[in-house]
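For reference, the structures are reproduced in the following blocks.
Two complexes follow with chain A in common, the first pairing it with chain B and the second with chain C.
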Partner chain A sequence: MTAVASRSSRAAVRVDRRGVITGLGAGGVAVFLGMIGMLVAFDGRNVIDPILSLGYAVLIGVFVVAGHRAAAREELEGVEFEPYGPYDVVSGAVAGIVGGAVVGGFILLIEAFDVREVFTNVSPALVDFLTLDSGLAVGLIAMALGGAVFGAVGAATHLLPARVKDSAISAVIWIFIIGFIELVIVDIVESFKFADFFEDFVYGDRRGLTVPAALLVGAGVFLLTWRFRGRVVAFRARIQVMPEEQRRKTGVVIALVLIALGAILPAVLGTFVNELLTIVGLFLLMGLGLNIVVGLAGILDLGYVAFFAVGAYTTAVLTSPLSPAFSPELTWFAALPFVIVFAAMAGVLVGTPVLRMRGDYLAIVTLGFGEIARILFLSDWFKGIFGGAQGIIQIPSVEIGPLTIKGTDPQQVFYLLLFFVVIVAYVSWRLQDSRIGRAWIAMREDEQVAEAMGVNTVTAKLLAFVIGAIMASFGGAIFAAKIGSIFPNSFQFLVSIIVLVLIIVGGMGSIPGVAVGAFVLVGVLGGPTSPGLLREFAEFKLLIYGTLLVYMMLKRPEGLLPSARRTRELHQEEYLQDAWIDAQEKEGHPEEDG
Partner chain B sequence: MTTTTRRRPRTRLRFGFVDSFLWAVRIGAVAIIGVGLIGSIADTLSGEGISGGAWRDLVITGLSQGSMYGLIALGYSMVYGVLGFINFAHGEVFTAGAIVGFFVADALAEAGMWTDLPILAISIVMLTSITTATLVAVLVERIAYKPLRGAPRLIPLITSIGMSFFLQYAIRGLFGSNIKSYPQRPTALQGSVDLFGVPIGKAQLAVIVVAAVSMVSLYLFINRTKTGRAMRAVAEDKEIAALMGINVNRTIVTTFAVGGAMAGVAGTLWGLLFRQVFFFTGFLPGVKAFTAAVLGGIGNIVGAYLGGISLGLFESVGPNLILAPLGVPAVSQLKDVVAFTALVLVLIFKPTGLFGERLAVEDRA
Partner chain C sequence: MAERLLDIRGLSKGFGGLQALRNLDFHVEEGEIVSVIGPNGAGKTTFFNTITGLYPPDEGEILFEGNDIAGLEPSDITERGIARTFQNVRLFPNMTVLENVMVAQHCRTRAGVFGAIFRTKAFQREEKEIRELGKDVLGFFGTRLTGYRFEQPAFVLSYANRRRLEIARAMATQPRLLLLDEPTAGMNPRETIELTELIGKLRSERGFTVVVIEHDMKVVRNVSDRVVVLDHGVQIASGTYDEVASDENVIEAYLGRPAERGTP
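What follows is the complex of A and B.
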């Protein structure tokens, strides 16, 4: 007994120190989010109509995560750790209180000193937000109490049985998702009879679910997860162990269902969502292309936007009646072969000088090429061909026989995009396991070994560049027809980065991963200039993209939907360790115990 | 990691497409530079081109601009030397220093100190700028790079790209997106002085001198102090350095701190010279400073500084010297093109940089 008592008291001191440190960190994060204006901006959108705004949801999230982390134990394989107990809840609460106190101190500070001259977002609105609109005293108490409660909740998740925990987490996630995709759902139900009733019941006035709808969604998802937990994983595992032929068939069926869905969707959606879908489609197209360069061949190309620009400018010059130098006024489809040829040439031109550079130099040099392309398009030097800063206007619509696809109609543009996305996805999928695909993957894993094994790395790299370039140039050509006029400033470095983020978040080298990345990121956050489903995110879009990039690299470098091979590659040590442990156990050597 | 650029017995035997292409680039580059040079000499002699005075101004602009590139490049070079990856977020460390420096300078100008005690005021600005930049650099290292020790080279690079965007937009969120103007330069830094018969702007001269002094102190720090020796040892071989009793992690943090401090100095100098800063200020100088580090030979401290100066000169003089005689209009738009082309050409002609690389064995590839 005494041993247990002394151990837990020692643990108490250790845990509390950890709680305080985590709490300080959480408070710092909360203050930072307030200072950059994120909390106030997100307050403009509700998750659950009158009671919970996105701003408060983020603040609560910070405390919950702090409590969770303060109580978390490092789980090492083969090392036993103390089971979680009620004491952990206390340390979570400690973290929460400390975090709340930091925020409280911040409120007092900004009440006492006016720092708006320097920190533009530290406004009275922020004070109102942090004090819940009810005065300083209430605000300070609320921060401390709220911190304690939510910190404790975060820590308490460790005590719950896994099944309850998973169900609760997915219930919360789905409440957010249903709230976020309000525009999509409203568009879909619009055509039904009960649309008005449904809308009023599910969505409140200031965006977000109504309380009964939130309860319903929460309970429903909780029960569904409770009942079917593990089935999805089991299903995926079953696909994994299927024979090659059958797995391929399943994949094809899933893909066909998704394509059919994609074909039906735009017909029922409104203009805004359709417009957003075209942006998603453009990024998906570029993402699939960059996936070949970065994901399969392992070449980090940061100037990918250059190829997109080449596609757009080739189309513009060849089709627009107002293109400065010469205007053959081809139709869009007649210009397409030239787009492909020029993109391939650009791919060779960029690819050849960098072939022998090491990976990181290559990244910066391609970045340089991307900037060079943009500056040349912008410069007076080539004004005679590309129109300089004025760009090229009056790019005609796409005509296929009797059909005309007007750039102003996002629905039609989406079908054009879908056509190209399907082609490009099919090509990528066929390439993956082809001879050249395997050569790329071998090169990504170890270039010298690949070369020794007879892979012609020069051809393989150039092919990756060229194919990636052609895929991006399709995107550029459609972009030109969609916008109707192009300017050099549409081709910023930012575009390359957004494409890179979505393939990294989705999973490098995995086609479904790229699709998920494009839909989730571009769909929710929006493209470089256009808003996504959450317009409140516009200001913080790139901050979030940057954070995601760092987070993914630190915690899950293989992405959300990774390709199996890539996962093995990145967690090689763990796999080797597991293999070693397995081998030890098979041989019957018990692990040595101290 | 990639096929080596120096030891390539196989490709030496086979003269393939790539070699022909690279040779075409080499010959083309030499031809263009040669023709341009001859053209501009002819233009200047015949009095058609820009005058001698204008050339001198371009050189001075290039030197002062290049001094700042050099200071930023030191951070890239040292980090690459020690950890073997490109710290893409270093340009934003510079921005952070410049922007926080602005607020201090602004406050001092309001208090009247900026004009009354310019030296003291600028020193205070520089100190805050250095402190901020150092703090940011160390924090970034702690949060983003420390967990990635030993990861494949591209992973910390991608992380640092993410960090760069995070910092840019964090700075934008904190301080707003408007352009901030440093107060008018104090009278001591206005006008120009004659140096050996050459008139040179006082501000430019100050920038060049401060950068040179910082460079020399850094050189002495690296070569004469115990910490500096530890840094060189860690750059050479981390494991053996650890065996010799060097605290590798602390040395890495020191490297980031010193690099950040240099970026902070550059930030203040930027504010003094160009006066305008905003959240995106550091991006291009950051990329170019990396170019400068490669130009001078990565890992080589003096090389980074000289590379910065060379790059500054290339991009201010280059467009007029080489492109203008070839009939290219509005060459000043093309200075970034010249800078990036210089990077590509150096990597094609002499991948180890103008002054030689100093890298650990494992990083040389």
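What follows is the complex of A and C.
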């Protein structure tokens, strides 16, 4: 009797404090998203047509996550904790109500005071959105009620068995994914006869899945996950414990399948998606190059865009008939050796002064070099060669024998890119596992010791810079031919940052990781100037990049698809435990020498 | 007299106001095992750092096989045949055990970018040799660093094994002269005895000349042909263990002056 009472009172205290605090936070987030205009902008795209727009999905997501967090407990291995119960659901509901109340308060506030002059996004459209187009009273009730319900739902997920929970979560995620890749899927099925029927059935008028399609996808994914849950993880684990030779073979097979897919896909995709793929390809090239500099050699280069620019400008000067100073009008492939040479020279030029620098200083100085490169191309000094702000126009298409790759045809450009991506990825892969790659990694681990163990760090660093620069310059050369005209402002600092972020998000030092990073960031969210698959995200791209980066640093610092080395590095404690248990099993006794 | 393997004359190194090494003369004959001892702060580690090029010397010459190596880059000095370990074990923690000894052969190998990309015959042969020599030097320590240990990252190793791996890594650079900086520090008595034997074997089995900084006098007595005592950057004694142990200057440096000769 007393035990029950004490338990419930303790639970009540927890409900009060955590629920309210989490709710306040969630309300703040919701208000912030509203004030920056994200909710209204996302309202323009449907997830499930016509009942759920992306805007409401985000709002609901905030409440669900708040409820989930409010009820969550820290789980420590070996320490028993109270099982989740109805109190936790109440706790989640409290968080939701508080969050809803904050939003409600915000609605009242913006109804009472006009703040549009300062916060331009606090518009009537936002009020309509938050009140569900049904007037103030209904809106306020809906917020509180909706908050409570979705907060409770978030908390209730704790009560579900793990298998149900995982299946449900992946069902929801896949509904979103299928909705998001609408363009890709529509392009693919367009070549078939039943395309129209399929499109009408699956996708609604304002984008997003139709209700029956959403149900179908949800149920399908739920069942599939239910059936095959854990198989993917098990598969990855199995690859990891394979002997090296076999692991390598599996990797090669997977890579070949992906390349084959990459070769087939563009043929069935439409212009918009293909265009997107070419931008992904450009960033992938740069990402792979920077991966060598940052991921392997550990040199944080924030001015990487400079090498991309060198590649583009070299190509432009040598191939365009309108290049100001001299125009040999070489073909693209004839210019390529010069691109390589100039990129290598740029690599040495940037690399030499920063040889003795480390950490923050290195980052700042390379950042400066990146900007210097852009400003030099822009300057009047070199106007005679690079055309200043007018840039260089009429860069011809790429010609391979009888074939012409027109820059305006993204499909052809993509094949050219694919060719170079495969080369660059292959080179990275081979270098990683060689005398040079080992020297880079040793240098990243401890520069002084690497030097003392006979690694000439000057040569190793310059080599990393040069190879990274050449890889980026390939991207630049293709970029020049694709766009047909280049201007200094195409080579903003932001490009360097995006390349770095995609490596970090994907997994530093891991080639598949860089590819995943490029697809997720540039493909889905959008590059520096181009929208991604989610055009509605374009305006909030940087915000989402930032959030994603912070989240990744906290929850998965090794990246989405990390290399084994980096995973070990960032999870040393867990690995140590496993290794200790392993040693006990293999040697039959704990390490006698401590 | 045969040419000395290492011959140091008038070596000085200061850090601002602190004179770590003062006009030091020191030499090692081929095949010797020499211990360098001295109280804390005597300049022993600075001495190693200066020989291996981590610090350029202020004055003096360091002749290795007759050539002055003072002021060369550490990697050049390693290439010429001097390898070292560090007092505060400095491995490449996230590289595997085998990779640690493979990377140490960097200066003995030549494969370039093209070899690595195209996997030429020469590259493959060299890679195989690196691997085999790596396994060989790890095998020097029995089974402690072999088998499943090859693929483990260095950070999982126990403290003693890290020290062993560091010695293996130095051996992998294929040096003529090995500088060991407190190889038994932090080891338990049994491990210390085992390592003492191994230091002897470094010479008898592998043909290295060894200079070792050591605090454990049992180890010093058991391994050294000759003992050099440093204090305040100056050599205060040199000779066999017994000679040094009874030297008044040495006793004074370690224990202070006897009372009757103390404050005037």
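Annotations
Throughout what follows, the second predicted complex is superposed on the first by the 561 of 594 C-alpha atoms of A that agree within 3 Å, B and C clash if a C-alpha of one lies under 4 Å from a C-alpha of the other, contacts with A are read in each partner's own complex, and residues count from 1 in each chain.
Definition applied: contacts are C-beta pairs under 8 Å (C-beta built on N, C-alpha and C of every residue); 3 or more make two chains touch, one makes a residue touch a chain.
The structure displayed is predicted, hence computed values, not measured ones.
Within the superposed three-chain model, A:Thr457 lies in touch with chain B and with chain C [touch as defined at top]. Looking at the shared chain after the overlay, A:Val427 reaches chain C, while chain B stays out of its contact range. In the overlay built on the shared chain, the residue A:Phe197 is in contact with neither chain B nor chain C. Of the two partner chains, chain C is the only one that A:Ala579 touches; chain B does not reach it. In the superposition on chain A, A:Glu447 contacts chain B only, with no contact to chain C.
By the touch criterion defined above, A:Phe326 lies against neither chain B nor chain C after alignment on the C-alpha atoms of chain A. In the superposition on chain A, contact of A:Phe228 is made with neither chain B nor chain C. When the two structures are aligned on the shared chain, A:Leu378 is found in touch with chain B, with no touch to chain C. Of the two partners, chain B and chain C, it is B that touches more residues of chain A. Within chain A, the residues touched by chain B in the first complex and by chain C in the second are 448, 451, 457-458.
Those residues of chain C that touch chain A in the complex are listed here as 52-54, 73-76, 78-79, 83-84, 86, 90-95, 99, 102-109, 111-113, 115-117, 119, 123, 126-127, 130, 148, 151-153, 155-156, 158-161, 169-170, 173, 187-188, 191. Residues of chain B touching chain A in their complex: 1-3, 5, 16-18, 21-22, 25, 85-86, 103, 143-144, 147-148, 151, 153-159, 161-170, 173-176, 287, 290-291, 294, 328-330, 333-334, 336-337, 340-341, 343-344, 347-348, 351, 365.
Across the interface of their complex, chain B is touched by residues 32, 35-38, 118-121, 298, 300, 302, 352-353, 355-361, 363-365, 367-369, 371-372, 375-376, 378-381, 447-448, 451, 457-458, 497, 500-501, 504, 539-540, 542-543, 545-550, 553-554, 557 of chain A. Partner chain C is touched in their complex by these residues of chain A: 244, 426-427, 430-431, 434-439, 441-442, 445-446, 448-458, 463, 467, 565, 568-569, 572, 575-576, 579-580, 582, 586, 591, 593-594.
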